[in-house]
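The next part holds the structures, each set out as structure tokens.
In the two complexes that follow, chain A is the common piece, with chain B as its partner first and chain C second.
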Partner chain A sequence: MRRLFKLALQKPEMAAGSLLVLLVIMFQVRSDGIFLSYDNLRGILGFLPEMGLVAIGVTLLMIAGEFDLSVGSVFALSPMTMAVLMTMGWGFWPALLVGLLFAAAVGLFNGWVTIQFDIPSFITTLGMMFMARSMTVVVSGGFPPRPDFKLIPTELFVAYVGPGQMFRASFVWFVVIAIIIHILLSRTNFGNWVRATGGFLPAARGMGIPTARVKLACFVICSVLAGFAGVIQVLRLGSPLPSIGQGYELQAVAAAVIGGTSLSGGIGSVIGGVIGALLIRVIDNGMVMSQINSNWFQFAVGALTIFAVVGNAWLRKRGRAMKVETER
Partner chain B sequence: MKLGKLALVVGLLSGTSAYAEPLNIVFTVHSGASNTFWQAVQKGYEDACGKLEANCQMVYVQTDGSAQEQVSNMEAAIARKPDALITSIVDNNAFDDVIKRARDAGIIVIAANVDDLEGAAGNARQAFIGQGFVPAGHSLAAAQWKNFPTTGPIHVLVGVSAPGQNWSEQRALGVTNFLDEQIAAYPDLNITYEKLDSGTDLATTSDRVGAYLSAHPETNAYFDTGFWHAGVARVLADRGVAPGKVLLGGFDLVPEVLDQMKLGYVQVQVDQQPYMQGFMPVMEVYLAKTVGLAPSDIDTGQGIVTPEMVDAIMDLSAKGLR
Partner chain C sequence: MSEPIIQVKNLHKWYSGVHALKGINLDVLPGEALGLVGDNGAGKSTLINLLSGLYQPDDGEIRLNGQPVKIRNPKEAMTLGIETIYQYNSMVPIMSIARNLFIGREPLTFSIGGIGWLDQKTMREQSVKAIADVDLHLRSPDALVGELSGGQRQGVAIARAMHFRSKVMILDEPTNHLSVKETNKVIGFVKGLKAQGVTTIFISHNMHHVFACCDRVVAMALGQVVLDKRIEATSIEEVQEVL
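Take a look at the complex of A and B:
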């Protein structure tokens, strides 16, 4: 039992998970039971897949030891490309494919520049953040295109599904993708390579791991997930505005870190990133429900981010220090 | 005033008294390029510059709403000694010094879109071309009031899209001023209101206001200080709430809002004519340089748009003219 407790404490997502449970209870009480109401849960779960997919990609990349600050811009670029192509007469599926290929190309470029010139990905992707946002405005001419949404099979992406119509189809996409990335990270050689590459690069290279290709793959996955998340949001809100996704890059990094992903790479989990994204949504939503003065919103998100990371470090330390009897 | 000035400009443009050297004009704004609203301002600005064959540049900030970045852009513009600097003034103090330096260097300075809260007394800018935000907020609330229930209690949510920024705070103030007047005039209606940091993103606004509506199902109306209530309309539709049960109103004509007006979820919208906010400052610069007319204030309007006007406006909005 004690051994299990020690293992649990050392899980990187433990602090965020505990905090999430505490906050849900607190907001439920403070909102007189409305926080977990049907309408509100539908709202939170409708937005979660978009932020969650971005957070999963960023988490994977951070475990590989890199950052991507361009995800917010790619979030807008992919759907904008898709929408513009559709107004030019393209069908939905080819337009979607090109939109996602744009995202993949951005990821590939980010990775190639970072690895080829051995510069911090923070810098490469910061530059790409501006470039991709600018491309979004250029592609659209500044005005949102108006594709015919009747030609889009929105039911595959944003229609309400499941018991009580609680979830959108996007939630199913989100869960399936999260499971795939989780399996990729925890059950395959690729996952081991990602952790080794992010954990200690020289050793990973010494072991013959193709670290450059591993990082490139993570950059591309991260970018494509951001682009796909953007497409989902545009289909949900029916509006390919060039401004969508602004600030999501920092929220995604915050989600990953809150969920226990190490800023220096090697440590982290998909479930942690998902919990981090959910925690941010819960805080934002719960503050409104609890009638807390809105001027404190950003303070709360910031403070809880610090709290979660400090809590994570403390729990892990306690876990390591905990003595358990060994079998004789 | 507006028509007289426009007629004079058209007369001058059609005559032979064109300004000998091409004018150099810089327009600095507090927004990022991805804000749809500003693209309409830019279109008006570029069209006007095209007519005058002026050298014009529009400079956006990288961080939406960053006054400090905008001031840096203004300083860079002044170093090039343009004939005129057009700028939005989103802070009451941050721009005072740079505007004074521009004026001292002989540069015409015109405020567009957002002005100092103290108006002409606030800094050395020569004119303001844009919407009076407090009156616009007041007009919006007054127009929507006609759709309010005649019996109380009445509860209203006012979304402040960008807390701390003049344009958003003043529009909200206009709305709450009107509500305060109604509270005093109709004490029996038991009118209450609350303000919320609603965000400048369709997804964020729809999530926050959606949460608020869950907690306060008694809410009768939501006012947004931008156009992000289009997202709230989607939330209401998703929840099966009939159009008009929660009244929605806000500012600026973008296609998303017009779509929701057609569906009946948005009842009232205020149009500040962004195309004119880009076009007219250039014309004032031209008049100042050619015939020495002093730049003067232009109120670009508090035009109330209602659903029956949407079809006529939709095409113009998509082209960035409304």
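Take a look at the complex of A and C:
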């Protein structure tokens, strides 16, 4: 029992999970029960997948010990590429594929430069953040393209589905992808390698793990998820703007960190990243519903980030300090 | 006299302009415990890094059971049966004992293209057994390695090498920063390896540790072997003299 409690305290997503429950209760009371109403939940969940997918990718990459600040720009680049190709007469599926391949190429470049020249990914992807944003504008030609939305099977991505039209299709994508990445991380040898690579690089290398390829794979997955999230947003809004996704890179890092992911790598979970993204959405929406001046939103996210990290460190320390004998 | 398991012939290595190994010749016999001593910068670690596949020699040759081998990376070294336990570097502290034991060699229930489903049941069962086999008693394979003491960590690393039936085990300063009690434990592990017929190369600064568990002592200085004698035929004073 004590052992289980100790393990629970050391779970990285513990602090964020508790906080989420607390905030939901608080907002529910403050908003006179509107917060958890059908319409409002529908709004929150319809919006969540876009930030959530970016956060999942960033979480995975951070566990592998690297950063990606270019996700916000890739978020705009992929759908822009897709939209421009469609105005040139391409079909939706090939255009989508090329858009995602662009994202993959960006991830590959980020990873290759970082590993080959042994420089911090913070720098590589900071540079890429500007480059990819610029490419987005160049690709658009200065004007947002107007692809024929009738050619797009939006029902597969953004239409409301499920019991009572509760969820958008994007939510299903989000849940399925989250589960896949979660399984990849916790149940496969690849996940073991990711954690070892981020947890302690010399040991991973010494034990023969192909650390460069592991990191490269995480860079690519992170980038493609960001591109796909951007596509979903564009399909929801109905217009590809070159400015979408600005600031998402830092919100994604905030979501990952709030969810218990360590900046130094190795520690973190997909569930944590999802909870982090959900927390940000809940605060955004809950403040409006509770009639709090919503200019405080960014303040709240910032405070939460700091609070979550402090809380996590404290919980983990408490968990570790709990006496259970390791030796029999 | 039996064939040497590892033969090192005229091995040279330069590190950014420094001639770190100047033509090393060394035979390691099967089943023996070899103590490798020398000051910082004597070339001990360089020699070990070549044997464990972290770096490639600039000249010379390594033979395993009489066959010349190229060890291009740590994975190849492990496949050949050479396992290296570094001072700190062989365990990921934030991961469990069971996961650490199988890093890079995970048992899988099925796989596609090398990526597959972890067989966690086997991992847990076999790690419990592997740890018990080196006479280390830990409560749970799910405990994080970061919670173990330094001596226990070395024990788990040795258990790992034993589990994968390594023929040669290289221990790079395994007793550094350990308490007296823990050091004795590690020396006990090394004696246990000998009893099971594993060839051991034991690197240490501490002469007493080497003399406590090795059959032979090799001293290095400035990239060369300066002494190579059986323990009975030498003394701590003589070794210290040449260093």
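As a working rule, the second predicted complex is superposed on the first by the 323 of 328 C-alpha atoms of A that agree within 3 Å, B and C clash if a C-alpha of one lies under 4 Å from a C-alpha of the other, contacts with A are read in each partner's own complex, and residues count from 1 in each chain.
The working rule: contacts are C-beta pairs under 8 Å (C-beta built on N, C-alpha and C of every residue); 3 or more make two chains touch, one makes a residue touch a chain.
Since this is a predicted model, take the numbers as computed values, not measurements.
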{"item": "Chain B versus chain C as contact partner of A:Thr188, first or second or both or neither", "value": "second"}
{"item": "Chain B versus chain C as contact partner of A:Ile267, first or second or both or neither", "value": "second"}
{"item": "Touching partner for A:Arg205 - first (chain B), second (chain C), both, neither", "value": "second"}
{"item": "Which superposed partner A:Ala196 touches (first chain B, second chain C, both, neither)", "value": "second"}
{"item": "Per-residue touch tally on chain A - higher for chain B or for chain C", "value": "B"}
{"item": "Touched partner set for A:Pro242, first chain B, second chain C, both or neither", "value": "first"}
{"item": "Residues of chain A contacting chain B in one complex and chain C in the other", "value": "none"}
{"item": "Residue ranges of chain C touching chain A (in the complex, touch as defined)", "value": "52, 54, 73-75, 78, 84, 86, 88-95, 99, 102-106, 108, 111, 115-118, 120, 137-140, 142-143, 147-148, 152"}
{"item": "Complex contacts: residues of chain A adjacent to chain C", "value": "3, 7, 187-193, 195-196, 199-200, 202-209, 266-267, 320, 324-328"}
{"item": "Contacting residues of chain B [partner chain A, same complex]", "value": "32-36, 38-39, 42-43, 62, 64, 160, 163, 194-197, 200-204, 206-208, 210-215, 230-231, 234-235, 238-239, 254-256, 259, 318-320"}
{"item": "Residue ranges of chain A touching chain B (in the complex, touch as defined)", "value": "31, 34, 37, 39-40, 42-44, 46-47, 50, 76, 130, 133-134, 136-137, 141-144, 146, 160, 233, 236-239, 241-244, 246-247, 281, 284-285, 288-289, 291, 294-295, 297"}
